[in-house]
Amino acid sequence: MHSSELISEGINLMLFGMGFVFVFLTLLVAVTSFMSATVNKLVKPAPEATNKPAPVSAPAAGNDELIAVMTAAVHKYRSGK
Amino acid sequence: MEQLLSLWQGSGLYNMGLGQLTMIFICLLLLYLAIVKNFEPLLLVPIGFGGLLANIPEAGLALSAAEQAIHFAKPEVLAAIAQAIDVNTTDPEALKHLVHEQGPSAYAAAQAVAQDAGYTNGMLYSFYSVAIGSTIAPLLIFMGVGAMTDFGPLLANPKTLFLGAAAQFGIFATVLGAVGMSALGIMDFSVEQAAAIGIIGGADGPTSIYVASLLAPELLGAIAVASYSYMALVPLIQPPIMRALTTPEERKIQMVQLRTVSKAEKVIFPISLLILVALLLPDAAPLLGMFCFGNLMKESGVVDRLSDTAQNALINIVTIFLGLSVGSKLVADKFLALETLGIMALGIVAFGIGTASGVLMAKIMNKVTKTPVNPLIGSAGVSAVPMAARVSNKLGLEYNPHNFLLMHAMGPNVAGVIGSAVAAGVMIKYLGG
Amino acid sequence: MEQLLSLWQGSGLYNMGLGQLTMIFICLLLLYLAIVKNFEPLLLVPIGFGGLLANIPEAGLALSAAEQAIHFAKPEVLAAIAQAIDVNTTDPEALKHLVHEQGPSAYAAAQAVAQDAGYTNGMLYSFYSVAIGSTIAPLLIFMGVGAMTDFGPLLANPKTLFLGAAAQFGIFATVLGAVGMSALGIMDFSVEQAAAIGIIGGADGPTSIYVASLLAPELLGAIAVASYSYMALVPLIQPPIMRALTTPEERKIQMVQLRTVSKAEKVIFPISLLILVALLLPDAAPLLGMFCFGNLMKESGVVDRLSDTAQNALINIVTIFLGLSVGSKLVADKFLALETLGIMALGIVAFGIGTASGVLMAKIMNKVTKTPVNPLIGSAGVSAVPMAARVSNKLGLEYNPHNFLLMHAMGPNVAGVIGSAVAAGVMIKYLGG
Amino acid sequence: MHSSELISEGINLMLFGMGFVFVFLTLLVAVTSFMSATVNKLVKPAPEATNKPAPVSAPAAGNDELIAVMTAAVHKYRSGK
Amino acid sequence: MEQLLSLWQGSGLYNMGLGQLTMIFICLLLLYLAIVKNFEPLLLVPIGFGGLLANIPEAGLALSAAEQAIHFAKPEVLAAIAQAIDVNTTDPEALKHLVHEQGPSAYAAAQAVAQDAGYTNGMLYSFYSVAIGSTIAPLLIFMGVGAMTDFGPLLANPKTLFLGAAAQFGIFATVLGAVGMSALGIMDFSVEQAAAIGIIGGADGPTSIYVASLLAPELLGAIAVASYSYMALVPLIQPPIMRALTTPEERKIQMVQLRTVSKAEKVIFPISLLILVALLLPDAAPLLGMFCFGNLMKESGVVDRLSDTAQNALINIVTIFLGLSVGSKLVADKFLALETLGIMALGIVAFGIGTASGVLMAKIMNKVTKTPVNPLIGSAGVSAVPMAARVSNKLGLEYNPHNFLLMHAMGPNVAGVIGSAVAAGVMIKYLGG
Amino acid sequence: MHSSELISEGINLMLFGMGFVFVFLTLLVAVTSFMSATVNKLVKPAPEATNKPAPVSAPAAGNDELIAVMTAAVHKYRSGK
């Protein structure tokens, strides 16, 4: 490759590259801000509510003593711990 | 007697070349820096030790079966290899290069010939093929890093993404510098090599290794060593630049307390980021995809056992093999070249320009928007998580003992990770496509 | 300018097809179900995310090198591939299928051509090959599940194995249903495909994936998604069926306290089971062998560190790759087909019939033997460990607040795992042999 | 494959399959019951005796303080923890 | 009906050979020894279970695709394989051996033929290829052992290295014994096989497996079983020899308290050892390199998370696969041979001679140097870490209740690991080069 | 291979092997002793000083409360724990 070509390739890459990085991150700022605004409107206060889904939270839960009886390991695996 | 002689002639002492000796000293230096000076030891200990192993004379741990066959140069094997890759020469030096230049099928044929002749792949060569040749190791590290990353500060102040964008200027300026040096005849870098070198300025080890493995595997050793060394040196490299570009008043700017970020935002963010990548830059999908996957596992809170494994057992296993594999590229004939000096020089330039760009971007933002931004957090945009953010914080405290910048600097810090992965995607698209 | 155009033409937005868009929404739905509704998140989070990655336009993460080469359709590459697999057409659509139909050697040849032309395997394709193509991932998951399983309740009351046997009727009835639909021309399932679909009724994720990978890899995505979704829905699917088939008196039946099981019995059981498999059904040996190995490691008590690793680090690592690999099968042209709807419909039928058969078998046992069996534990025979056993327990408590069925239901529950692995072995023997 | 063949294949598979599953699990009931009976006759009471083989239990054990001195990690590995 | 017959003719009961039955009993015996008698359970549980799996008739879990194709012996497939490996016979018995003797390329061709005919590699065969065929598993175990080893006692008293050297005489005497038996026509061992058998005397499982996989893979099963069994029997084998060769006075010798060893010495030692290996015996580099790497990770103190993983998750995962892979070599036609008896006999002789040499060397050292050495620690030079050191300690206490030899015996104990790795390197150099 | 050759190969291997093992370990004794002497001369007393490099010990350390604030996991990873 001729040295002039090489330089022009480098300049091209710099322009495209920085341009794209800025476009991408600007869009990400927009998407993120929009997402945050929407989410915070919808989910409203209690940010900790979604925070900790009850460890088992399967529809069958509720009788906790029983669950404690269960094969601990399988249980642990299934419940995603 | 014959056997004694063969033992002696097969010993390292008899076969040690000057290059290997030099490389062994360089690797010992890396180990010293890692162990005593605490230079990114997680990577530099395996890299340094891998480099020692790779330079053991005659052991050929970093060579493929074909490369070993060519090294030992039995005429009939050389002839068979030459035939397998369809070239006319049986000169070992020439074959050493030709065997890699005739495409994957020819290389596989040469490997088959060498294996039939009793040669096998060296241990480090196998590690390299599986870990880096397949690009899997840097991707898994990125997944683990994703599972360790908290995007909260970034989500609380998304504008800090601009700082992460600006700091990537270090990457592209360095690419230009590298091709410039080649144009001037000082070095001889191709555009692909220049791009791989530039990514050092991204201050992100796995990204550097990933890009280098795709665009310039022959430079991977030097690039990885430069990348991790300079990340360790961030506390020395950045402060003078940050001081030079800011006034004492700017350094004292206090930033508004970050808002609380809800769990839902944190869960949706990695998915949003992935979709943006999918729409705009598919070539960054492996890198950012695994990063977002790791982060989603962490933030979703429903697969904690997977997230824990990604952050611990898995990333540790991968780090061991990645390090040894990078070490396998620290062999004399690839590392002891003028190019390596060029890479080291360009790498530090890249860090410097990235730091400066981040700081200057913060100053511009201060002009444009009303919420104050302390320009000291701009330098964190190069990433080097979390070292660069810590540096911002430390400098901030020097000038205003009540000004804790750490959390503010974490925003640009993780933005820098995204930024350099995007830059990597652009380069792969532009040069690899 | 040219580059800008190429960037745009290589972007996801430009190339997004309707199918991919639909699949992305389906994957987001899976993630929603997994994260918010807690539908088997350990598998559905990686599967859903893998599906997102697989549908990124132009990234080709789920494609092999040969498939990518065919996708990009350079005439000279197509011609070379056609020659390599010895067919007469160079039409991309035709080649896409032909490349898989000419046997492993031809496929390897096509891969070599594609790699020489610069294409590489996509990340998810590599994961799939290593994790599922080799059948290793489901086997290791089964080993880990074995190391987590307590056969105590089953050993205390071995007759509950009959419940586990009966519940497998769901599998075979569904096979019949699937071939019936094909015979009627509604669907177009082969016997192999019908068998793989039927195994959904086994309510065992790894068994489903293992059988599908051997008999019908083209349906693997839909089968895995159906399997895990319905396992998560067990608390909704089973109760109405259980209520419909039992009288209030039956539901109140109290069962005799389970005897204590000695350590020696627990150690010998997995070995006995393996030997029975060895004598009667060698084709179930990989699946049940790894299951028994995991259980032996746990019960022997002398290799706790191996058993711990099998239950934690190893199963977690494998789950990550298995999930992403299954996700790689959620690509539009394979998933968005009428067959998927058929699979979803047949899958729920299989669950329902299995539940009913288990309950009815318990009622028959009550007629034949004197020790009372509460028919509510029959439904646990479908496996879906431990969800189905929990459902039995919950229903039992509704009608008799002192009747704790959980441990009694664990017997048929783990029997169901053995039962469906045996069913899988029969099918592989019958159809794969 | 003709649809009649397909159906008959399906019926065959169902009959063989369910038959085999029942035969297999019936045999497993028999084997398990026999095994349990034998084991419980041989091993008799103390079910917890077999339960926990002393963690090291190598013939050389006995001098426990000394063992505690030993390189903890190697020891841990060898003793199967 | 036909299918019923095929099910029966495909069952294990119908196909069980006497050899397989015998092997199943042997494997059950191994499991009994491991679980009830606590014979090195970490390895013998997976090995024993792997052996059970490997001997399931018709399952072919330990066979490659080509071996399975030859086993099922369809004439057209046999013909195609014969052509692929370029031989003139289609006799299955002959092909079984020939397919391994025509070199790697021919074997790959045979594999391709078998895969095109629908055969696949058995599960255990795949494990073996990846774990042992590549030599990676024993190397990673060695890395983990390195990360668990404390060289402190050795550094405090480097002269104990001579004891570790002397105990290797067991290895070489056994090699001589093995070739002697062949010369007398009792057995038929090649020099390579004799060397692999001798290494049993090194009392180091991974070293044995590594050497056997390189020099005599056909004997690997018997060698590994002998190696681990005798290591478990060290407390029975060594004491009589130790008593026979020492006087009561010698056994009462008290040794001087070991000096404290600094951290720096511990960090530099593995690097020094590696460099010595590099200079003198490159062929021992993979084995001792990984050992030193593990030790450096531990002692450097800066990569604790890598060191922890090497000692836990990683070594456990590798142990599972290594054990199952070794088990795959416990198939009747390879294990049920007179050679196995020879190996078992030679193995115990090797242990005995090694023990005696260590003790005698200690007595010689007592003559030459002034600092007293209790000859009971000489036996620890065979390695079998830490069992042999514990035996030394126990015997010492019997004769002098205040004489704690444990730490003194740890020196020769770890020296024995280095010694047998060096011996392994010499043999690989001498015979494999 | 003739049985006499086999025997002589075995004897050769024994002589070379044992010889080499002794040479190697003797050199290792020398190297180790020399290394220990040198190190202990240089490093002198405080053997525990090198022992525990402060877990983070990055030049930026010192403000420990702050570090505690940091994303615990990333921190943990980087600091080599």
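Letters A, B, C, D, E and F name the chains as they come in the text, with residue numbers starting at 1 for each one.
In this text, contacts are C-beta pairs under 8 Å (C-beta built on N, C-alpha and C of every residue); 3 or more make two chains touch, one makes a residue touch a chain.
Everything numeric here is computed off the predicted structure, so don't read it as measured data.
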If a chain touches chain D and chain E alike, it appears here: C
Touching both chain A and chain E (chains): B, C
Minimum number of chain-to-chain contact steps, chain A to chain F: 2
Remotest chain, chain A as reference, centres from CA atoms: E
Rotational angle, Cα trace of chain C fitted to chain E, multiple of 5°: 120
Most widely separated chain from chain F, with each centre as the mean of CA atoms: C
Centre distance in Å when chain B and chain C are each reduced to the mean of their C-alpha atoms: 38
Separation of mean Cα positions, chain F and chain B [Å, integer]: 27
Centroid distance [mean C-alpha coordinates] between chain D and chain A, Å: 42
Where chain A and chain B are represented by their mean Cα positions, the distance between them in whole Å: 24
Chain A: positions in contact with at least two other chains: 16, 20, 53, 76-77, 80
Set of chain E residues in contact with two or more other chains: 3, 7, 38, 41-42, 267, 280-281, 301-303, 305, 313, 426, 430
Touching pairs among all chains present in the structure: A-B, A-C, B-C, B-E, B-F, C-D, C-E, D-E, E-F
Complex contact set, residues of chain E against chain F: 154-155, 158-159, 161-162, 164-165, 168-169, 171-173, 175-176, 178-180, 182-185, 190-191, 194-195, 260-265, 267-269, 272-273, 276, 280-281, 301-305, 415, 418-419, 422-423, 426-427, 430-431
Contact set on chain B toward chain C in their complex: 103-105, 108, 134-136, 139, 267, 271, 274-275, 277-283, 285-286, 289, 292-293, 296-297, 300-303, 305-306, 308-310, 313-314, 426, 429-430, 433
In the complex with chain C, residue positions of chain E that touch it: 3, 6-7, 10-13, 16, 24, 28, 31, 34-35, 38, 41-42, 45-46, 49, 52-53, 55-59, 61, 112-113, 115-116, 123, 126, 312-313, 316-317, 319-320, 324
Chain B contact footprint on chain A (complex, rising order): 1, 3-4, 6-7, 9-11, 13-14, 16-18, 20-29, 31-33, 35-36, 39-40, 42-43, 47-48, 50-53, 76-77, 80-81
Contact footprint of chain C on chain A as seen in their complex: 12, 16, 20, 53, 57-60, 62-63, 66-67, 69-71, 73-78, 80
